[in-house]
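Note that the chains are named A, B, C and D in the order they appear, and that numbering of residues resets to 1 at the start of each chain.
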Amino acid sequence: MRTWRAMALSLLAICLVVEARAQGPISNLPRKETLIVENPEGTIKNAGWFNIWAINAGGQSTGLHQLGMDTFWYIDPQKGLDGVWDNSLAAEKPIYNADFTEMTVKLRKGIFWSDGVEFTADDVVYTIETHMKANGLRWSAPVQVNVAQVLSPDPQTVVFKLKKPNSRFHALFTVRWNAMWMMPKHVFEKAGDPLKFAFDPPVTLGPYTLNSYDPNGKWFIWQKRPDWQRTSVARFGEPGPKYVAYIDPGPPDKRVIAQLNHELDIIHDTSPEGMFTIAKQSQSSHGWFKGFPYAHPDPTLPAVVFNDELDVFKNRDVRWALALLIDIKAVSMASYRGAATISAIGVPPTGAGPENYHSPLESWLQSFELDTGKQKIRPYDPTIGKQIADMLRPSLKDQIPSDPATIAKSFGRGWWKPNPQAATELLERAGFSKKGDKWFLPDGKPFAIKLTVEGEGRPVMTRAGSMIAQQWRQFGIDATTTVAQGSMFDRRAAGDFEAMITWSVETWGGHPDLSFFLDSWHSQFVAAPGKPQPPRNWQRWSNPELDKLIEQIRQTAFDDPKGLELGREYVKLVVREMPTIPLMSYNVFTVMDDTYWTGYPNAETAPYTDPVPNWANTKYMMVRLKPR
Amino acid sequence: MGRTLLDLLRFNRQFASGAALLLIVAAYACLSFFSPYAPNDTYVAPPDVPPDWTYLMGTTSRGQDLFWLLSFAIRNTLAFGLAVAVLSRLLALAIGLVAGYSGGLLDRALMSLNDTFIVIPLFPILVLFYFVMRDRMSWGLLALMMACLGWAYDARLIRSVAMSLRHREFTETGIFSGMSMRQILVEEHLPYVLPIVFSTTMNNINWSIGLEVTLSVLGFTDINTPTIGVLLYWANQHTALVSGIWWWIFFPVLLVVMTFIGLFLLAVSMNEYIDPRSRLGRRAP
Amino acid sequence: MTSPVLAVSDLRAYYRTSAFGVQREVRAVDDVSLAIQPGEIYGLAGESSSGKTTLIKTIANAIQPPLQVLAGSVLFDFAGQRFDIHALRPRELAAIRWKHLSYIMQGSMNVLNPVRRVRQTFVDFAFRHIGRPLPEFLDVVRQHLQRLHLEPQVLEAYPHQLSGGMRQRVTIALATVCRPQFIIADEPTTALDVVVQKGVLGMIHEVQRALGSSILFVTHDMAVHANLSDRLGIMYAGRIVEEGRTADVFRAPRHPYTTHLIGSLPHLGDAAPKQGLPGAPPNLADPPPGCRFHPRCPRASDLCRRDVPALETDASGHRVACFHPATESVAESIS
Amino acid sequence: MKTYPTYILTRLGQFVLVVFIGINIAFIVTHSTPIDPVEQSIAAATQYGSTSPEAIALMRQSLKELYGLQGGLADQYFAFWRRILLGDFGPSLSAFPTPVSVLVGRALPWTAGLLLSSTLLTWVLGNLLGGLAGYYRQSRALRFAGILAMAFHPIPYYVVAFVLLIVFGYLWPILPLSGGYGMNMTRALSWGFIGSVALHSILPVLSLALVGLGGWFMGMRSLVSNIVTEDYVAYAELGGVKRSRILASYVMRNALVPQVTGLAMSLGAIFNGAIITEQVFGYPGVGTLLVSAVYAGDYSLVLGITTVSIVAVSLAVLLIDLCYPLIDPRVRAR
């Protein structure tokens, strides 16, 4: 017995010693000067690789492209520090010639690399020419497809001669999430093969430079440049944090624990439940919205993406019938526990989306009629956003807004009202038949749909898919979900799916132009069945009317108001045709902790940028962060 | 055999409590046939309700009544464990007995194969298998795959016993009386190795369920079939532990633990009863 | 008369189990008394499950539940000191083991630790009793082995490298290396073939004479007893039914069970196979009343069925427990 | 009767055969993955950016050339063996052009350190406790330990790990949540760094030990309770051999023989068991590398890890087999 007591005592002693030790800082950085951020890339396999121009060789959102890189322009998905458009390395907007075959860029003066060398047009020309010469760099292909020649008449001017007219060529250098970054000529020209150069330590153009990193890829620490004034972001003031650590905090539950322990200032994303737990337990943490639904809606539109080349989904009636079988309230509950921002139309309900598209088209949607062959219905129910808010109010009380404008902003507006009767009529018109409880295809085979979801990587979308499959199943369609996990990209590109929860619509967010995704929807890019489909027309849908719209947009300048008109025409077309069923915006539960830093962006008082920390524009957040 | 079981049940407390535990689990699994809900339906109950009289085990964040959901899950998990165990036992028996009996080149070839399966890392193989199978991935296929990977340890054990049996009198008698190899193996040797088979079954079930949980938690299984692993997968997706939905984890784990302790007690008491050592007669009683 | 080296009196040891919800009591040793003199080989005979093994376990104090000693005592007299073996504390017990009291066990195949060299086993068992530094101790062992005509090289062997007979010889050497006063030999030759058996028996005899030890020699093999033991006790169903000088017992067995045991020995020229004894040994959990042998006894009477015959000693020291012994003293016993 | 050198030779032959078959199986399985590393790279490169479809087609072509995936399966197979025999696994396809061996080499010490220490700790502790529990059947403390070990054994590892994390990382936050050592710490042979590594490994090791202990414990206990009834144990007890010596040299020593084989085999689990530990505790290692490689369709990396694992495990088994005669003298005669 004595030995047991001795063992217990020594165990206790060890615990006490450990406790005394463990309560020290989690690193030797001064915590008050350090911002700790989640990097959603997780553990970086090849941590010592900072050559971001080599595809997929190392990490990107390890702070590298947020704090170290820079390029001509940024478009903010929210309001921006000084408007949506920011001239970063460029001194002004792109200047095209009349037929969009030449683009001229004027560069800022007084921008320096972190090793003290000045950034000039030579770096730009070097970057472009390197990509023209070398195959397999991240932007080699788009540069080779577009650029005939690049010139620098003076150190502050670059002229791109294009191979063919392209009114959106500047998009290549305009950051949404990222864009083509500038290379330091003086480093790379000595490095030999740009594909085999690790670029460690990186010479940066952004306000921070690398301090240290974990060879196993768990953390990367960046340090404010002493000469931060010589970077483009200095226009907005001094970045707050002296150090920024990008870490891999592990699965969603652990991120929650880490933030509750104040060891993680910004969670990139967690589960809705994790968000609610933080909201309940921590006074200092908050999301994009102060209260429910907390999450930041990314300018991305998750949808049910059909493989429209499959016979079953070729018929618009079938696609519409499936849409009318979805109860979006249940999907919103199942996926985001109600914290979703729904959208009935093919534009994300975020940033400038609602004011440019959702709001102006509201009356058109309400009067939109669908002919099922037996009856004409008006499928749009404008009150669904409000219904979701009402549904949540009893349990969440004051957290749920009651002002209609706020509801529309946070929960979305209307959606299609479930209408099994109309769905039945549409399916029957398409030749489908119901025997007993089950639906059958025109050829007599059972109507079965495999709905592919990504799985653990995107838990919320996986839940939405399960719910939709359940709703279809309850109607008599043999619908099941398939988890694609890592094979998602391959299957999506190869068309190896029937229907999938994913997105083929992504926008600038702050800017109404839709070319970011829409251009690739042109039928000229639709691959033959079995061949890989280039991004983003995963649904492989082609439509002559759409092609005409796209061609018109190509000939319209980026800021031309006519572009908005054409965009609205696209919205009406996809409502009628329903090539995909848009569901909601991709809401990211980015949670920020005020314990050490304040000044994070939020929807109500500071919508100056997107808080989601793997976006390159989080560099704008740094200048607003102040130590507490 | 029936009498033996009855005696064990009446007189051996370990056996009786093991049987009782398993019976409870099995009865509970059978309840799934009377479930008012389809196993995959969500939002049929208010979510996140702690255990109370309406929802004995509470409800999940997906609005499922955990009591009924778990009955499906344990049924599938048990069936899975049993399927893997039975299939891999058959393989282990066949290979172990044949290798041990025939010896020589065949033995060496079989044992090399056996050793290969022991050293191959299972996890990457199973995960790759998942990707190869994709939509066709189902519970049955996974069971088959795991059985193909899970026989090697026990085949070695059975082989060593079979080797010792080969030189025993009754084997020689059998050979002289013209019995075929199959007959000797099935009629003479099988009864001697059955107790070993029984005691390895428990470990094998433990192993297969453990691996199923691991794969499921990582999302490498068919999430449409509720099993204990898939249940934990969904709980994990909803960060149940951090959100305080402890019952979503607790009850599945409780049931798994009950199953194992039940199996363990059965195996131990059966082993005491039919000790292979005394049956092999290594020691005079 | 010298005092006996071992005096067992009224020893009663039962197996008591309460498993399976039923209380069971197996009366394996029931009121056994015996005494063994210095330098004597005392043979204990009886068929299996007659309680022989339990008796020697009790004598050796190798008592594990469910075996319990209910009554009686086991007294050893080693070098003038008396030891009540059941009253000794573990340390005292360990001190006399091997030094004064050692064993040669049945199943010679398995009594040596398979993963230890014979040398190590000698060290484990005997080193602390000899009380010399290791090299000297090993010399003692080697000399002892030589005395027993064993090669000293066996010390470096592992048990599996030795043949069965060799292993048993090593065991005997091990059991006698400390020159104990008392040796318990439990079926030491049972598993050996006849030729080896003879050698081993010779060796035991030799070493006993050299050391002057007493041996309690247990076997069911009457032929072995005939050759080896000075006195012989016959056990049946937990009791000693007859005891006397070996020659006397063989010449004139008095208990009908003894008669049967001796009669079952094959003789040259036997034409017909030996007649077996009808019936089976009694279940000691529920022994028959009266004389426990009566269900199988050709001479059983009502008295036998009712009363337990006492172990009576006659003038020559011959003891028998029977109401109808097979000699002239039958009438006397009845009255 | 075979001599020891023949035994070694046969055993070596078998080792080579096993490794050969194993690597071939791994090659077949990894190359039947439907995930195309080129598509993964394209997806990663274009996921958030705007890239025109024509550019994608061009990118696909140049990546195929870059990764050397032009040839057929047979070409790749022979190229693979040529490289393997030179000890080269080629470049990783998901971290091109970094060599696979560099990536594996960076992660392997952590995995090996964590799993070797926890496996050995568990083995020693489980056998010790199990042996004691089998020998001293009456001890209440040991019986309690037995029940505890048995109760932890069947709980899915994931749950055990996570509950530990919540208890010691959140409810009573005394241990670090993530990583193999403190952030921004210089890797050097200093006390601070070693202490940090030790501190970070407490939870992972504890979780592995809790789950693993039961198996060894139960195995050892039943082995011991069988061995206790062996004649040589009873004889030693009768011989007054010291209890501690009986327990150590008679009971445990004999029971350990099969347990050593078990240890060799469980080394195989080293490469399987680490993944959840790494995920839950954010511990660096091969498991995470493997899963990410599988996701990325990086068959070079998957194959590299699998090959290392196969060779390492076969080698461990081989070494144990060769050392077996030291543990069990009976084998030498065979």
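In this text, a residue touches a chain if its C-beta (ideal position, glycine included) is under 8 Å from a C-beta of that chain, and two chains touch if they have at least 3 such contacts.
These figures come from a predicted structure and were not determined experimentally.
Taking the mean of each chain's C-alpha atoms as its centre, the chain lying closest to the overall protein C-alpha centroid is D.
Between C-D and A-D, more C-beta contact pairs join the chains of A-D. If you average the Cα atoms of chain C and of chain D, the two centres end up 55 Å apart.
In terms of their C-alpha centroids, the spacing between chain A and chain C amounts to 90 Å.
Chain A and chain D have CA centres that are 37 Å apart. With centres defined as mean CA coordinates, chain B is found 44 Å away from chain A. Contacts with at least two other chains are made by residues 34-35, 162, 166, 279, 294 of chain D.
Multi-chain contact residues, meaning those touching two or more other chains, occur in chain A at positions 251, 253, 257, 485-487, 491. The multi-chain contact residues of chain C, meaning those touching 2 or more other chains, are 107, 110. Those residues of chain B whose C-beta lies close enough to touch chain A in the complex are 40-43, 47, 61-63, 130-131, 134-135, 218-220, 222-224, 233, 236-245. Across the complex, chain D meets chain A through its residues 34-36, 39-60, 62-63, 65-66, 92, 94-98, 103, 106-107, 110, 141, 162, 165-166, 169-170, 173-180, 182-185, 187, 195, 199, 202, 279-282, 284, 288-289, 292-297. Residue ranges of chain A in contact with chain B, taken from their complex: 251-253, 256-257, 270-274, 276-277, 330, 333-334, 337, 450, 455-456, 459, 462-463, 466-467, 470, 473-474, 480-487, 491.
The touching residues of chain B, when paired with chain D in their complex, are 108, 111-113, 115-116, 118-125, 127-129, 131-132, 134, 153, 203, 206, 209-210, 213-214, 217-218, 228-229, 232, 236, 241-242, 249, 253, 256-257, 259-261, 264, 268, 271, 277.
In the complex of the two chains, the chain D residues touching chain B come out as 14, 17-19, 21-22, 25-26, 29-30, 32-35, 150-151, 153-159, 162-163, 166, 215, 218, 222, 226, 265, 268, 271-272, 275-276, 279, 287, 290-291, 294, 302, 305-306, 309-310, 313-314, 317.
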